[in-house]
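Each of the next two complexes has chain A plus one more chain, namely chain B in the first and chain C in the second.
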Partner chain A sequence: MIARMISSVLALTLGLGAANADELIIGSQIPLTGSAARAGMGMNEGIQVAAKVFNETNGKHTVKVITIDDESQPAKAVAAIERLNAQGALAFTGGYGSNIIGPASDAAERLGKVYMTSGGVATELSQRGLKTFFRISNATGYAKALAGLSDTLDLQSFSLIYSTRESTAEVAKLLEEIWTAEGKKVTLHPFDPSIADFKPVLHKIKLQDRPEAIAMVGYENDYVGIIRAAKVLKPDAKAIMGTWSLATPKMWQDFPDLMNNVYGTAPLPYPAQFNTPEEQTFAEAYKEMHNKEPDYLGIFGYVQGLLLFNAVAEAYDAGTLNSGGVQDALRKTEHDTLIGKVIFDESGDNTNFAHRMAQHQDGAVAIVWPKESATAEARFPAVPW
Partner chain B sequence: MFDLVAQSVFSGLLAGAYYALIALGLALVFGTMRIINLAHGELVLLAGYIAYTAESRFGLDPLAALPAAIIIVALTSVIIYLLLTRIRVDREINSLILTFGIAIMLTNGILMIWSADIRSTTSGWYLDSIIIGDTLFAMNTEILFAVIGVLVVGAVWWWLSKSWYGRALRAVSSNRDAAKLMGIDPRTTEILSFAVAGLLASIAGIALYSGKVIEPSLGHSLTIKAFIITVLAGLGSVPGVLIGAVLIGVAESLTATLWSSALQGLVSMLLFLIVLLVMPSGLFGRTRRRG
Partner chain C sequence: MMKYLSLIIILAGAYLAVPLQFGGNDYVIGIVVSALTIAGIAVAWAMLGNLGGMISFGHSAFFGVGAYGSALLAMNAGLPVFPSILAGGVIAGVVSILTMPTLRLRGPYFALAMLAFAEIFRILAIEMRWLTNGSGGLLSIPRLPTVFGFDFGSRLGGYFVVLTLVLLTVFVYWLIRNRPEGLALRAMHDSEDATLVVGVNATRLKAAVLVVSAFLTGIMGAFNAHYINFLEPDYAFNGSWTTLAIVAAIFGGYKTLWGPVAGALIVYLVDQFVFKAIMPSGHQLILGGLLAAIVIFSPSGLLPWLASRFRKEAGDAAHP
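After this line comes the complex of A and B, so read on.
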């Protein structure tokens, strides 16, 4: 009894908890409550699917994901990382919101352990010189997707409505730079995240801007408010487009009257077409675990989780867990994933990240850009009102 | 420019009436019992989710959920009161801590029951637009609940100033011991105050669900908005709530039109601070009698 207690204490204090049974412990710090709960829950579903798939297919190792709810608060996120470390986590994943991911990944860096996320797009996250920070998505990939679609549609003027939160403001800034450099007209409309009535903004757009397209960078509740206001005021635009959380089956299911013809970023079409064996494995595991179709948050959670689990297993086998083996495994090669090739640079950013653009088309989410990934022609000009 | 400003003022007036509905329950309890119920926003939100359940599960119109919302929310409100009565010392500060804790519990309860997804009505009529004179635009729900908001403010004002229970409530608020000597049961009147606050939160919740988007974390910002309006109005002033709410609504809307919607929150807070600097008791608050 005493010997077991001593060995347990030693295992915990020396961080060897994972080594005993080839069970690799991964810490997941994620918002399951608070303002980012919706996104956190979606990402968490993907991470859990990644663990299931890894455990069923790896053959050598299994992972155990310990999840701590950071309540959408930076201080709690840091505390979660420290607690997960104390519980023997070999690396960390999760995180949603650049303001939360920043301090949490700083804490992981101090502990010398990898932090992998898809939930923060602010550029400064990857400019801190951290050795252990990795992310699969970034603001540039979202901005490029919107700009790419608008080039294809030959749109020349935009009203850009964006939330003043860090990540949304950053994507908006990138978009403004791209469009302005191309000689296109952009009018900015930043909004406070707490506002719910967008009619004054849309009225300005209708009477003063008169753009060819309305671009939105915000979150689900913002999109609903903006499109509702647009349906009341009916500005004479040819297209309305946005970033994350917009071109999803869930948005169509909840707000069918608002979504038709709206463009948004999306990794996969809906109904989903899972063609490769990896995609099919993911889709089957996801449906089995969560009894629903995968959404983009689940896909990103799955990709970040699986990349991390594989890298930890590789470093474990090589005996380099404590000497930078996980980050080396992530950086040294290209990774084929559900969101395309992932290539990490020195800063931990996925340099290959480029989103696709989809359009709500009568209940389906059709990929319309880039051309090589398109599942349908873009309906243009077309707006929900 | 005239069209822009006219629409902005119109939107601000409608927003003000909606804000008044949200603030009235908090103002009632604050004005009569000097208790700031930090769970008030969550009560409003709870009513919104009850409307969502009625609509999505049973296909009912959001307004048809009002009786169920009143029963559940008023009951919750009364439970909050009963918990508050357990406080024996430092009632002002401890009631803040207690109601803040209850707010967190309610938020997480809502999250567990209804998930973190955003919700809003899908009923077409509420969201259809009304155009007045080719210049003013609104949704049916905004007009409907603006009218209801004004009527409810009037009804609460009448109830407090003319009805026996309303006057009893004011008597308890003014001097609890003297009210007892007059044959008033303070406990019953205070319970009634919380129950009425729950009723008002229910109406506000239906308005919220019918015109905006609800999500579990929204309660906190509703409480802050209600608190600002309550203090701006002045302690115990029911008409002041409507006027304070309309001031905030119009200021926010004009800010979005003439400057930037990013400054809306800042301008409403500045307005709040300026009024408090010039009129420390609020727009219609009575200065406390000395001696």
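After this line comes the complex of A and C, so read on.
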């Protein structure tokens, strides 16, 4: 009796159920609270827009996205995947941070279902031999973008400040290799992820390194700490640049006194300029749902979501959902997306991933590299202090 | 007799009813495994707190050391997973010897010193990149193996392993508690000076129980590493491994044998299955309120409160 009661309560709370004939259930495991919440919420907005666009344009199928907050914790992410599976999810999307994506995608592999993300760039993620792991971004794309901009600006010496986490350390290592091969001077400053006071590092950079540019590979709180310390110590650099989560309208909105002239990776400018029909469809749906301009996290969330929904629908139609049809649909062709062509290799990596560099310019995020995509001239030399 | 019958019913329920009812649902079993992991740490923590009166804020150190020890032995030395888990516990026990200078301290000073040790081990795990891969952590840690055709790497297999580990932890606690040394340790909890007067070697006993508690916590950490197949310093040495265990032990009644287990199961399962369903984000608020209520209305914990209610009702029935 007690066991029956418990199972009934659990069934109610878990909302167990299977997919309807034409409604495809997709699980989204994403950090909505905890340290990665800001990025997770941005990605989640994009995934929700992808679901809306798919449901309005597919004509045959609809998707239902069930979202579970992984609280930025690896164990909760694994539990989220298992819960989504119990709720009938046919595939999974979401995830931010290689440390969380690693165990979550392992869990998805055990269940034999595809896991698609844009939030983890550590190379090891795609070297585990998983058949169901896919991602649209990777470390190489970020490193090449920073290196490309620094070539254009003809920068010759760098202080490279990076978090010792897997993905950040990897991008930093790639950058060091590229710059060293080009005969440029690079001084490394790895830091523990728990560090909040960067003044000692900036002091060393100002007095010892004296670089032309400061490069940062970390996360939002790290960038804020580094730039704050730089504003106090005012090192004599010509430029300061970083990777993800930096050239975003949200960062300007939250820290306008720190962001002006800072470079970061971004697929689109802000205010966004949408030219193709697909871009315009996305932008209109995004504004309608979230009442704001999309940022790059939303764009990545949209792209990863839409790619997955289309692949699941294709496998559903072919009757191959349970025999690897979703991963086959993702691998077999090139996909035209908002971030360019996406081509997945055997390991699930997007071999075509390339990023652009943008600069905060008085509240706008202007694309400044590569030249053919630029929406404004780079302000150089220019730093926030 | 009634006591043993209850125990047999609980064991039968744990080994048979739960797998039969929920074995097909990885999510439910996964959450139960997480709750049992907390339960194992909570018992080991309560052992140190109840026997010897040492309130530790740093058990995450032993959890993390056990986890890293086992994972590295399995990945780099090729040791099979089950012996690695045992070795992880042994390593945590050995490492606890480094913390023994803290035995000179009492009360909040001991608690804070242990917290400092947990931070030291976390930083060591970050800095010893050649061994631990630093903040990058370890991915694809070997899973629990398949033995005689049964896959212990499955969620259900993990459940049986962690359940057995928790029961063994409780058994060790029971053994120590019922020995003369256990009596001396419990007396030390109330007045260490009084036990010194009657000739108890307090330092030796406290050191021994610290090693045992660290070993048992290390075993739970080692299991977790092979269960979740991933480690990084912030995860392995996270303070929540200690705070959740303390919350569970105090909620259930840390001076009782089964209180920490009951506390962990109730706190974790109710939070994940009920509160999180009601409030997907910020559900810990409800849990916090519930814990505050328990601490205010029954400082000795849930099980002692239930036992006193049961005795009162039995007394009322016998003497209407």
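Just so we're on the same page, the second predicted complex is superposed on the first by the 365 of 385 C-alpha atoms of A that agree within 3 Å, B and C clash if a C-alpha of one lies under 4 Å from a C-alpha of the other, contacts with A are read in each partner's own complex, and residues count from 1 in each chain.
Just so we're on the same page, contacts are C-beta pairs under 8 Å (C-beta built on N, C-alpha and C of every residue); 3 or more make two chains touch, one makes a residue touch a chain.
Fair warning: this is a prediction, and the values are worked out from it, not measured in the lab.
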item	value
Clash or fit (per the criteria above) of chain B with chain C on chain A	clash
First (chain B), second (chain C), both or neither touched by A:Tyr296	neither
Chain B versus chain C as contact partner of A:Phe158, first or second or both or neither	neither
Touching partner for A:Phe54 - first (chain B), second (chain C), both, neither	neither
Which of chain B and chain C A:Ile68 touches, first, second, both or neither	second
Chain B versus chain C as contact partner of A:Arg228, first or second or both or neither	first
Touched partner set for A:Trp244, first chain B, second chain C, both or neither	neither
Chain B versus chain C as contact partner of A:Phe133, first or second or both or neither	neither
First (chain B), second (chain C), both or neither touched by A:Phe255	first
Chain B versus chain C as contact partner of A:Thr33, first or second or both or neither	both
Stretch in clash, chain B with chain C, out of 81-89, 135-143, 207-215 or 243-251	81-89
Common ground on chain A, meaning residues reached by chain C in one complex and by chain B in the other	33, 164, 192, 194
Chain A residues within the chain B interface of the complex	33-35, 37-38, 40-41, 72, 164, 189-192, 194-201, 203-204, 207-208, 220-221, 224-225, 228, 231-233, 250, 254-257
Contact set on chain A toward chain C in their complex	3, 6-7, 9-10, 13-14, 32-33, 68-69, 73-75, 78-79, 82-83, 85-86, 99, 102-103, 106, 111, 122, 124-125, 128, 163-166, 169, 192-194
Interface residues, chain B side, partner chain A - complex	3-4, 7-8, 11, 15, 107-108, 111, 115-120, 122, 124, 127, 129, 137-139, 212-213, 215-217, 221, 252-253, 256-257, 260-266
Partner chain A, residues of chain C touching it in the complex	17, 21-22, 25-28, 30-31, 34, 123, 126, 129, 133-137, 139-140, 155, 228-230, 232, 234-235, 272-274, 277, 280-282
